[in-house]
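Next come the structures, one after another.
Look at the two complexes coming up: subunit A is in both, with subunit B in one and subunit C in the other.
So, the complex of A and B:
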């Protein structure tokens, strides 16, 4: 039997039994579409988080006070001592490392921001001019914190776009005074609206020089030091330099934690990839169900078409020919179902993309291959039994029923 | 040339042993026209199935055109059947989703004959059996007589030496039955071996050689 004839024969069967074909296409289609849609959501979440981390800054190394130990209780607690503070001098010392491009010390607190009669609770960030470049901040008006000696507490500030409208309404903001506690700051810049970035809304913050924040919150201790390495390759050297410099400055104690954005990102990346795979795997179960449906329908089909099978045997069809005919039929159905599923899954992904435009839903490449491949493989596997049963039918008995 | 020697066929039906064929010795020459008659359960159809290689005897030997085909594998028998034997059934056994032309094409498709050659043969068969205007019709759009004509055309598609017909008129009115018999006799006149199993004495009597079966044995073998 020629391959083209085999295909045509199977095609006529598929077209001849419309409702059966539709049923199988539906089952297969739903299975494939579910895998595509679900893995698109997982992949979208992963890309979303990766992008969010990206917006945090590039080649970022973050220094936090205290050491996170992997074993044993917190040593600080046992000895009765809190970890040593990170100071502005610690931060400035890090510039010695050749791998560091720039850095920004960071103090975070909350303050009551007042302008005229209006007042609003706002997060206050103390930092330096370099924060803008490290965090990829964009200004809507004015300028950022002035360059110069960070130990100088100039009474200037930059505020978020939302805070600006809330405090001043439509009035011009630049040059106005903003009161925080007992301190006054002249507003020199307004940040462009950026929205949420990893749970931190830059639209509502006030940024003041780090020395001013130290005075405002009456503390020397830094919350973080953000360090930007000169390149991706220099992240690791920068990390070890930082650890070395701070160890020297802290009398040989390793009492800071240095994390790289890459490490955090890689962890998230791994978790979300695993999650996507797991959820995709769950959806793939529906493919197995579709495979069993194909087997059922094919078995029923063998019973219904006993007469036809007997006739084919009488006309000189060999066992392998009959097996192949049923096999081809199953593969055709699976191909159709897989195609339908790919289209529906893609449409579904575009539809959710319309509802949540900020999340980049996209099916991962492995799902695009694995879902239809699983569909076809299950269809082929599950059609083996019906095809064999058809080939083994006794022609005399098969023909005896009308 | 069909030669059966000591053919036995035994069925076991619910613990009981039924002798469908007992010690059948039969020789059918090429080009013979033969009818097989007898009461229900006398083994007519079983004999036809064994000749058609659809069934295997429990004992005895079967030589077809001088070749012992008794112990061939299923698939080898299928190939012999494809080349040498055409079947016509009481219930036509047309594939319902295929047109008349496509039904006729089936055996040629199974044999892997090239499409151009198939088209030629189909056209000739449709013309021979008066079905040109019905080529694209499906079986449910054809009368019983037309269906049986399609079935005969299909049986003849591979130009087999032997046509086996099991009650070919059993499901037809008298007029269509006569038409069908005329076509089968045409095959015989063209040199084919034709064996017809029938209940109908009138149809049985038309054959040049008439077998009579009772209880799985050949009780009469008349020639005229």
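So, the complex of A and C:
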């Protein structure tokens, strides 16, 4: 039997039983589509979070006060306080490291921003001029915090777009006074609207000079220091430099935690990849069910086509050739189902993309390969038993009609 | 047709094609087992998380400064222009319905004993902390009731700190350096283990006023209020609001009742369980298509039989019911096998991974079986209608 004949033979069988072929295609298609759609949701979530994290800055090293022996106690490190604060001088000392391009000390807190009779509680960020470049912030109007000695508490501030409209309405805000607590700040800039970024809405914040924030919250302690390394390769040297400098400044005690953006990203990436894989795997169970269906239908068709198979054998077709014919049929069905599934899955992904435009839904490359491949492999595996049964038929008995 | 005939007929047609029946039922079984197992894991996780939370009691309200929250944590706890003070906590103690009030400051500090040092989570708490969060003291006692503004320098250790710093030695009465200050150890807590990522044993508890001084803060991070469990939550909240607004002039704090947190967790976990089971249910759908396919083939094969049935007086309705019954029975068999399979795997998981919480509620099992039968019936409708609509004459002529 030539390959062309084999294909022709299988094709006729597939076309001959329209309804059952359609149903098998449907079953396979649902399986493949499910794997594609589900894994593209997982992948979309992964890319979304990774992008959000990436948009925090590039080559970032983050310094937190406090350190913990057990890794599980992260939350304590995240918001807790320490007897020895991370100070502004600590931050400025980090500039000694040749691997550091720029850095921004950070103080956060909640303050009540008031203008005229309107008042609103807003997150207050104390930082320096370099924060803008490190965090890739974009201004809509005016300018950012002035450069200069960060120890000087200049009474200026930059506010988020939403806060500007809520406090001032359509009036121009540049040059207006904003009161926070007992302090007054002149608004020198308004941030462009960015929306949520990792649960922190930059449209509602107030950014003031770090020294002003220290006075406002009556604290010396920095919440974080954001450090940007000069290049990707210099992240590790920057990290060790920072640890060394702060150890020297803190009387030889290692009481800070230095994490790199890459390390955090990698952790998120790993967890979300694993989740996507798991969810895709769950969806793939349906492919196994579709495989069972193929086996079932083929077993029936072996019984129904006894005469035909007997004739083929009588004409000189060998057992392996008969087997091959059945495998070809299974592969054809699987291919059809996989194509259908890929198309439907892709359509589904586009549809969800329309509902949540901010999340980049896209099927991961492994799902695009693995889903059709799994479909074909299951189809072939499950057609082994029917094919063997067909190949073992005795031509004489088969032709004699039971 | 009598019911007995009906059952006999259906069973006979399934028994005639054993392998076919087996494979079709297997498709449904895999689907049901997947749904069953995933719900079991989801439900187990659900119960695990809720249990972790309720071990501290459910009648707790947490008061945090400020009204902004990010990532579920109050931003005001870090720094705020509107602080919560120890006096606020004392004022809340006098409120109606309130049983226990516990001010809290948390941080990270180094503790030292006999040359051995360790970085731990430091809690500045009131004397009622252990009561409020239903934690027990293993030896010694918890911080004493005294004027919370000028407390003595006593410390209580978490079990892990005691073990790491003292080994076999008895820590009670010893002098411990906490963040450069000297404290007398008066108690060791019972081991509590990890709770949702927090290691509650790697901690040291000191009086809250001393922690505020040590961290050079002005204010508390949060105040826990334990109220009478019989009083409605809304009244307690109103009472706390009234007192704090009277003291602060405006509502510049957030109340987070434990009950509300539990509700949020409950919703999220239910949604996750549902989503994961829905993914498992895709296999069930494919299994249903399997039944549809097989019945379609069966109708084609048994045309003459159906014709005969109709010719000797079976109504269209009877034929329809016959095929529907066959579909339902197939699915029910598959469903039962799936339940057994799901249960078996869940049981195996429990043996192999005791850490993974698995819980299979009876209700879900019954529900899953019903779903299986429903899927079977839905899949049977098309082929059964086709069979019922066959013209007896045409069907018999095919022979």
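One rule holds in what follows: the second predicted complex is superposed on the first by the 381 of 402 C-alpha atoms of A that agree within 3 Å, B and C clash if a C-alpha of one lies under 4 Å from a C-alpha of the other, contacts with A are read in each partner's own complex, and residues count from 1 in each chain.
Note that in this section a residue touches a chain if its C-beta (ideal position, glycine included) is under 8 Å from a C-beta of that chain, and two chains touch if they have at least 3 such contacts.
In this text the structure is predicted, and so the values were computed from the model without any measurement.
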Subunit B versus subunit C on the shared subunit A, clash or fit?
fit
Now for A:5: first (subunit B), second (subunit C), both, or neither, which partner does it touch?
first
So if I put the vertex at the Cα centre of subunit A, how wide is the angle out to the Cα centres of subunit B and subunit C? Nearest 10 degrees is fine.
90
Does subunit A have more residues touched by subunit B or by subunit C?
C
Contacts for A:296 in the overlay, against subunit B (first) and subunit C (second): which applies, first, second, both or neither?
second
According to the stated criteria, A:285 is in contact with first (subunit B), second (subunit C), both, or neither; which is it?
second
Touch check for A:399: first (subunit B), second (subunit C), both, or neither?
first
Looking at A:248 after the superposition, I want to know if it touches subunit B, subunit C, both of them or none. Which is it: first, second, both, neither?
neither
For A:220, select first, second, both or neither according to whether it touches subunit B, subunit C, the two together, or no partner.
second
Per the contact definition in the header, classify A:358: touching subunit B only (first), subunit C only (second), both, or neither.
neither
Once chain A of both complexes is superposed, is A:308 in touch with subunit B (first), subunit C (second), both, or neither?
first
Regarding the shared-chain residue A:316, is it in contact with subunit B (first), subunit C (second), both, or neither?
first
Nearest CA pair across subunit B and subunit C in the overlay: distance in Å?
12
For subunit A, give the residues common to its interface with subunit B and its interface with subunit C.
none
If we count contacts the way the header does, which residues on subunit C are in touch with subunit A in the complex?
19-20, 23-24, 26-27, 30-31, 34, 38, 65-68, 70-71, 73-82, 105-110, 118-122, 160, 179-180, 194, 197-199, 202, 214-218, 221, 252, 276, 279-280, 282-283, 285-287, 289-290, 292-294, 296-297, 301
Applying the document's contact rule, which stretches of subunit A touch subunit B when the two form their complex?
1-2, 4-5, 9, 12-13, 15-17, 307-308, 310-321, 395-396, 399, 402
In their shared complex, subunit C is touched by residues of subunit A numbered 19-20, 23-24, 26-27, 30-31, 34, 38, 65-70, 72-85, 107-112, 121-124, 180-181, 199-200, 213, 216-221, 223, 253, 255, 279, 282-283, 285-286, 288-290, 292-293, 295-297, 299-300, 304
Help me check something: in the complex, which residues belonging to subunit B touch subunit A?
49, 52, 54-55, 74-75, 78-79, 81-83, 87, 89, 91, 93, 95-98, 102, 106-107, 109-112, 115, 154, 158
